[in-house]
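Chain nomenclature is as follows: A, B, C and D, assigned in order of appearance, with residue numbering initiated at 1 for each chain independently.
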Amino acid sequence: MIDHLRQIVEGRETPAAWAFDVTVQVLIVLSLISFPLETLPNLPDWAYWGLRTFEAVSVTIFTIEYLLRILVAEDRIGFIFSFYGLVDLLAILPFYISAGADFRAIRAVRLFRLLRLLKLARYTDAVSHFARALRSIREELILFSIVSVLFIYLASSGIYYFEQSAQPGVFKSIPHSIWWAVATLTTVGYGDVYPVTVGGKVFTAIVLLIGLGIVAVPTGLLANALSEATKKREENESTRD
Amino acid sequence: MIDHLRQIVEGRETPAAWAFDVTVQVLIVLSLISFPLETLPNLPDWAYWGLRTFEAVSVTIFTIEYLLRILVAEDRIGFIFSFYGLVDLLAILPFYISAGADFRAIRAVRLFRLLRLLKLARYTDAVSHFARALRSIREELILFSIVSVLFIYLASSGIYYFEQSAQPGVFKSIPHSIWWAVATLTTVGYGDVYPVTVGGKVFTAIVLLIGLGIVAVPTGLLANALSEATKKREENESTRD
Amino acid sequence: MIDHLRQIVEGRETPAAWAFDVTVQVLIVLSLISFPLETLPNLPDWAYWGLRTFEAVSVTIFTIEYLLRILVAEDRIGFIFSFYGLVDLLAILPFYISAGADFRAIRAVRLFRLLRLLKLARYTDAVSHFARALRSIREELILFSIVSVLFIYLASSGIYYFEQSAQPGVFKSIPHSIWWAVATLTTVGYGDVYPVTVGGKVFTAIVLLIGLGIVAVPTGLLANALSEATKKREENESTRD
Amino acid sequence: MIDHLRQIVEGRETPAAWAFDVTVQVLIVLSLISFPLETLPNLPDWAYWGLRTFEAVSVTIFTIEYLLRILVAEDRIGFIFSFYGLVDLLAILPFYISAGADFRAIRAVRLFRLLRLLKLARYTDAVSHFARALRSIREELILFSIVSVLFIYLASSGIYYFEQSAQPGVFKSIPHSIWWAVATLTTVGYGDVYPVTVGGKVFTAIVLLIGLGIVAVPTGLLANALSEATKKREENESTRD
């Protein structure tokens, strides 16, 4: 009996297992879509109660799924404290503790449940390539992260001394100036903080011309490492053929 | 007779075929240019009527071309329901259904007719290289698209919880916050929505430093795959020589 | 006599030739710096007249240099109508035609005279590598330029239909919307034009996610081609050693 | 005695040396964090005095460390005028000259003291790879820096002539327009300066489409050179194994 259930819950081969899997995955995606919709202001009553009902139904199904997974697990305690076990629990817990709004944020943890999706597909291949690519440039990424943090630190300190007297309400302190440094070096440039003094503008220009290289290099490294990994996989595949 | 026409309409070799091709292409480009001009406010009457007349003339010629293409096609039904057949029809239909403004948008479909331009040139080569490069990184692109969507989802949910109480009119709901997430992670940063709380700013900084890598990597992958394809083509060419 | 002059004006080897070259180059750089300074508002009189005097002196020297170059050229007519001959003429002409402000813009043509700087250094090497790299990806660059223009066309048409009724003063026409498309797809995002309707925002998000790849790929291609050229040069150098 | 001290201050092997190193490093990091916090406005008294006390304590320890390093150095004069010797001095000097705000900026020099951190780890490896990668593209980087500066010059001159009459308060002069050119070509786009005339907008679009390539290429080159260096290192490592 439990063997049969295990085949459905954990297996992939039988039609019943496939149907179980798909149902849960679809429900995860739907509950992830329903979650932001609930935050919409001025929702008509029918929509709000529809979303709440769907929430109740899906949590019930997730609970049944969770209990089934414990039931069929060979090492039950092990499953409960495994990564997926904890994620499954966190995904339903907020509903039971409170139906209020305060715990809604934790519902985002359901996102992690989507990781199961990756198990289904052969994208595991792409993911493992990605992981290997990341590993091969680990040192460079750490180095550039440290350099980036130091650069943002220096830029924030510098702009504070240039702009503080001209815009005391905007560049209130160095920690406040970090916001400017992040918005500028990532080239987002919202326009809520920007230098107005000549010194501050020259400083910004210099910071930008040096800093863009520092901030953008990790992305380039990552793309190159991934391309390299893709190339190797292709070569392997063509050798295998 | 039809063989002769076919040589003109579908062929490329004879001067008549070349003249036919060039006329249609030039007309497509001109009608694509005239279309935005019509939307200009305060157009003088002569300009407006000139553009309308040009529209009428070009649609007439496109209609004749369309009928000719049906006539000379070996498989007429097949042509009508082919991609180019439908595009040719869609490009003239709005004019006949209505001369009003409501259907003007569909006129943009003429853009697809420009695809024929590609047939003319040896750029087909570059296009096919591009297609092959895209195919070789298909899995990575799909993976990153999924990750990007999930990342935007998480960023929108997060910023909503940080900023909602401080700016209830701006971050009205999670779906509203998606606009912020897109404008920020693409580094466009219009400046219409941005965080004002300390929590929201710290969250934005973290989201940016992680997210830039995710959003920018596909472009890097694409560029690398294209460069690789270009290199291979050159090696082939130098071998052939 | 002319042979001696030629050695000074066109040569590089003798100390006199070197001094002549350096004087002219320094003067070009200085006159390029003085040109923007003249546009500063509220300049004190002494500074304004200093800059005007420097301008007169430098144009005089440039004129002498120009006449010398004609004098020593083996093919005098050929030099006058050569690229550098025309640039040299254009760099002094505005001063003689008028001392007024209207022709100041043409003074920027002196920038081209800086190209001579490149002759001096071994950077010619880097330049020729760059030219070769550009050539190797010519087709891809042209293809992407065409696709970019078409994409901007489509984006402008689309946003016009979404935003026109909500912001008739901003998205006045499709040509006006091109400005939005350029500012958005290059991720500059000044914040003077942005969509406010839900449709326009969703459209912008889609346009951005597709368009960033298109607009950013040429840069990636260029960087890769240059890197490839650099690698080849290094391999050649290490073989030669 | 001095030998024993030297082992603690300069060595790495003994537990005492390790403890000394870690204490100093942690203190550097903490004093770097405390420095921006002091600039926070409306600090409660206890926090302000806490930070000042910590500053005094850490400078005392840094002074003792500095004196110890001089004491144990084999070439004492050499150490004082070495890079690290000067950095160590500059890091404590501002405190002694004045407790006032004017010298606070120099305290940022302590950042350089973090360079010692690099000595500890094997990140030296990544740093040396980075340095080699930088060297291999030195010529290209210099060429692109020159071209970028000239391009910003041209862009500033151009936009001045297009926008000056429409926005005399914003595009006051060519030097003022450089700020626009930098903010635009780095795609930051704060939104404090942007063209409003048709000519200025068309000019901006052209400048952007050409300029993005120029400004972004160095980053791409750097990333590629680093990737290449990483690849070589890996190949060496796999050969060594």
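Basically, a contact is a pair of C-beta atoms (placed from the backbone, for glycine too) under 8 Å apart; a residue touches a chain by one contact, two chains touch by 3 or more.
Since the model is a prediction, treat every value here as computed from it, not as a measurement.
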On the document's contact criterion, could you list the chains that touch chain B and likewise touch chain D? A, C
Check the residue numbers that chain B and chain C use where they touch, and answer same if over half are used by both copies, otherwise different. different
Degree value of the rotation bringing chain A onto chain D, based on Cα positions, nearest 5: 90
Would you mind pulling out the distance in Å between where the CA atoms of chain C average out and where those of chain D do? 30
Residues of chain C that touch two or more other chains: which are they? 178, 187-191, 216, 219-220, 223-224
Please name which positions on chain C make contact with chain B in the complex. 136-137, 139-140, 142-143, 150, 153-154, 156-158, 160-161, 172-175, 178, 184, 187-191, 194, 196, 201, 204-205, 208-209, 212-213, 216-217, 219-221, 223-225, 228
Enumerate the contact residues on chain A facing chain C in the complex. 187, 189-191
Residue ranges of chain C in contact with chain D within the complex: 32, 35-37, 39-41, 105, 108, 111, 114, 122-123, 125-127, 129-130, 148, 178-179, 182-183, 186-192, 215-216, 218-220, 222-224, 226-227, 230-231, 234
